[in-house]
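Here it is: the structure, laid out below.
A, B, C and D are the chain letters, set down in written order, and residue numbers restart from 1 in every chain.
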Amino acid sequence: MTAYVVLGGVVLAGILLVVVALLARWMLAPNAPIPATLRTYESGVDPVGTGWAQVHVRYLAYAFLYVIFAVDAVFLFPWAYVLRDAHLGVASLVEMGIFVGVLVVGLAHTARRGLLHWT
Amino acid sequence: MGAAMSVWEVVLRSVAVLAAFLVLPLLVGFMEHKVMAHMQARLGPMYAGGFHGWAQLIADAAKFVQKDDLLPTAADKGVFRLAPSLALIPYLVALAVVPLSPSIVGADAPASAVVVLAATAVGVLGGLMAGWASANKYSLLGGLRSAAQLIAYELPMVLAVASVALAAGTLSLTGIATEWRPWWLLWQLPAAFVFLAGGCAEIQRPPFDMPLADSEIVFGPYTEYSGLRFALFLLAEYAGIVLMSLLMSVMFLGAWHGPWSGPLGWLWTILKAVPIAFLFLWFRNSWPRLREDQLQRFAWLVLVPLALVQLLITAVGVVMMR
Amino acid sequence: MIHAWPAVVLATCLIGIGAYGVLARRNAVLVLIGVELILNGANVLFVASGATVSVPSTAGSVLPLFIITIAAAEVVVALAVVLLAFRASGIDVTEKS
Amino acid sequence: MTALDVALVGFGLLALAGALLAVTTRHIVHAALWLVVALGSLAGVYLVLGAEIVALVQLLVYVGAIVVLVLFALMVTRSPIGPSRDHATSPAHRGVAAVIAAGLVALLLAVLLPIAGSGAVTRQVTSNRALGADLFGTWAWPFELLSLLLLASLVAALAIARSRAVTGKEDA
């Protein structure tokens, strides 16, 4: 687990990098904002409404799919250690086959309902 | 790596990883300048630094630092400021666990393959935060596209990594590369393809650059960013190319396996990563952008099933050969 | 060497904060955030007891994995319902992206 | 206090601060982002407690998937920049909630602290290999049931999210 101490050090180094970079900018860059440069950029046209706009719900369907399959993928990792095991190897193959098979039904269902096709 | 590690060693390792993180993306960026130029029958940068414009990106960095860093009035200031770091630092963490040779590795975590995946999964938040905090419709749309794309392609990548981890019987990248045998090139070929496509989408390079799509939504989540913060996003993109190329090399191409691999192992790992990085640049020059829905369909109906079939092949192979 | 009680205090406080979030918030998504905190408090307890028992046991790691899975399933269904409620409130969320 | 204790308390305080801000901030999207801070620090807590896989899964699934889903849901519904008063509850309401939450904490502490003990013990690091063996051995049946739960929730969520009943039109 000592590797994670190094990873902590690496994260601190990354934060330090960003801080030093922004400090350099603070010292070197001019800061002369005018209202026009601070306005929301909408391709040269005057901005309409506020920045928040409603976007399509279809993105949520992808997120649903991902969350479900991400947790499925989680169990693949411990599996890597078990598959070579003399006692559990074949049994775990069958268990994982059923587990993934059930979820593939979900993916097939999603595809059949046309959620992955836009018009 | 011994159980006890002095503070100095931790500092030294962190600084070494940081140095690699700053130098390698510059090399890839320069390679892109030149490769792209020659593919388009141009010369590319020729002046900065003298020899074929080698210092062009350093000059660019000096320019970015001196540019006015705009903070739009309507933006959510705190989140807006934080987003570039959140896009950048995960790649640094991921790079820290990638081994160049059995002994040259920043942090040899027991489950380093999962560390890489967890880090890139956290990186998704960077684009989403940038898109939302910019208070710009293009940005929000780009941020959503970016997050939807990253999560859609994260999954095939997870499955591809799981496949090699199964084949090697370990979650450590060092362990995977040690167990690697030349015939894995064939056995793990579908996983390698899935990882390459997923990796290309993960770093949002053409043909998977819908989140940026300059002709549709200006520059996606980065529309409102300027100066140094924008440069940090760019650095993250090139660090992503470095990371994905090295991972391909370590997991699928055998990393340090090759003649004289003892002392020169690290050189093999890097030499195997260079063609992959070249591929990413080549893709950008050869292929047009996909459409948003085509992108999602490709992930869910091609890559995920392919990766699942690969998992089955790997698992049955491991059980048969045991 | 490690003490068990800081982890227990952390878990308890997380559960308390989560409960406050569930009780004091009216936005459904914010209530959900409170629920997630409660679930994480339970996870901390599991992991802490797995780390401090005298006999090595993996249950302290397996059960959190299960809880995370169940949390994922719960969030997916809950957010689908939230979305439905939002549509039912008469706002058109089908605007072309 | 040992080095592990210091690390645990550090990550724990960070997690508590994130959690507290997540349930009190008036900015809806900020609440989800503070939740990221809380969940990320908890991954650190799990690492200190020697549960590597749980820590990484926390980042991969909780931060990378569940919070992203929550942010998606916020962004397709209503999430303006700046504080939002629509969902605020009255101070009395919040006071009662705080009292109930404090009571819950006191009750749980009274039960759990005596069990936890006050002495230092050896930290057990969970081996990834043992975790796999138990998951596919001892816990095989709950594991299989989880796949059914996930399938059911996916189908249900898609059915709800696309129900025609409310908007009366089908788009996609």
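General observations
Here, a residue touches a chain if its C-beta (ideal position, glycine included) is under 8 Å from a C-beta of that chain, and two chains touch if they have at least 3 such contacts.
This structure is a prediction, so every number in the text was calculated from the model and none was measured.
Shared contact partners of subunit A and subunit D, listed by label: B, C.
Should one ask which of A-C and C-D has more C-beta pairs in contact, the pair is C-D. Of all chains shown, the one whose average CA position lies nearest the global CA mean is A. The chain with its CA mean position farthest from that of subunit C is B.
Each chain gets one centre point, the mean of its Cα atoms, and the points for subunit B and subunit C are 31 Å apart. Put simply, the C-alpha centre of subunit A and that of subunit C have 19 angstrom between them. The centroid of the Cα atoms in subunit C and the matching centroid in subunit D are 3 Å apart. Subunit A and subunit B have Cα centroids lying 13 Å from one another.
Among the residues of subunit B, those in touch with two or more other chains are 74-75, 109-111, 114-115, 121, 135, 140-141, 144, 147-148, 151, 154, 158, 171.
Multi-chain contact residues, meaning those touching two or more other chains, occur in subunit D at positions 50, 52-53, 57, 60-61, 64-66, 68-69, 72-73, 75-76, 78-79, 81, 125, 128, 131, 133, 135, 143, 146, 150, 153-154, 157-158, 161, 171.
Across the assembly, subunit A contributes 1, 4, 50-60, 63-68, 70-71, 74-75, 77, 79-81, 96, 100, 110, 117-118 as residues in contact with two or more other chains.
Those residues of subunit D whose C-beta lies close enough to touch subunit A in the complex are 47, 50, 52-53, 57, 60-61, 64-66, 68-69, 72-73, 75-76, 78-81, 125, 128-129, 131-133, 135-137, 140, 143-144, 146-148, 150-151, 153-155, 157-158, 161-162, 171-172. Residue ranges on subunit A touching subunit D, taken from their complex, read 1, 4, 50-52, 54-61, 63-68, 70-72, 74-75, 77-82, 85, 88, 91-92, 95-96, 98-100, 102-103, 105-106, 109-110, 113-115, 117-119. Subunit B makes touch with subunit A in their complex at residues 1-5, 10-11, 13-15, 17-18, 21-22, 65-75, 84-85, 88-89, 92-93, 96-97, 106-112, 114-115, 121, 134-141, 144, 147-148, 151-152, 154-155, 158-159, 162, 165-166, 168-171, 218, 223-224, 227-228, 232, 292-293, 296-297, 300-301, 304-305, 308, 311-312, 315-316, 318-319, 322. On the subunit D side of its complex with subunit C, the touching residues are 1-2, 4-5, 8-9, 12, 15-16, 19-20, 22-23, 28, 31-32, 35, 38-39, 42, 45-46, 48-51, 53-54, 57-58, 61-62, 65-66, 69-70, 73-74, 76-78, 86-89, 93-94, 96-98, 100-102, 104-105, 108-109, 112-113, 115-127, 130-131, 133-135, 138-139, 142-143, 146, 149-150, 152-154, 156-158, 160-161, 163, 166-167, 169, 171. Taken together, the subunit B residues at the contact with subunit D in this complex read 74-76, 79, 109-111, 114-115, 117-119, 121-122, 124-125, 128-129, 132-133, 135, 140, 143-144, 147-148, 151, 154, 158, 171.
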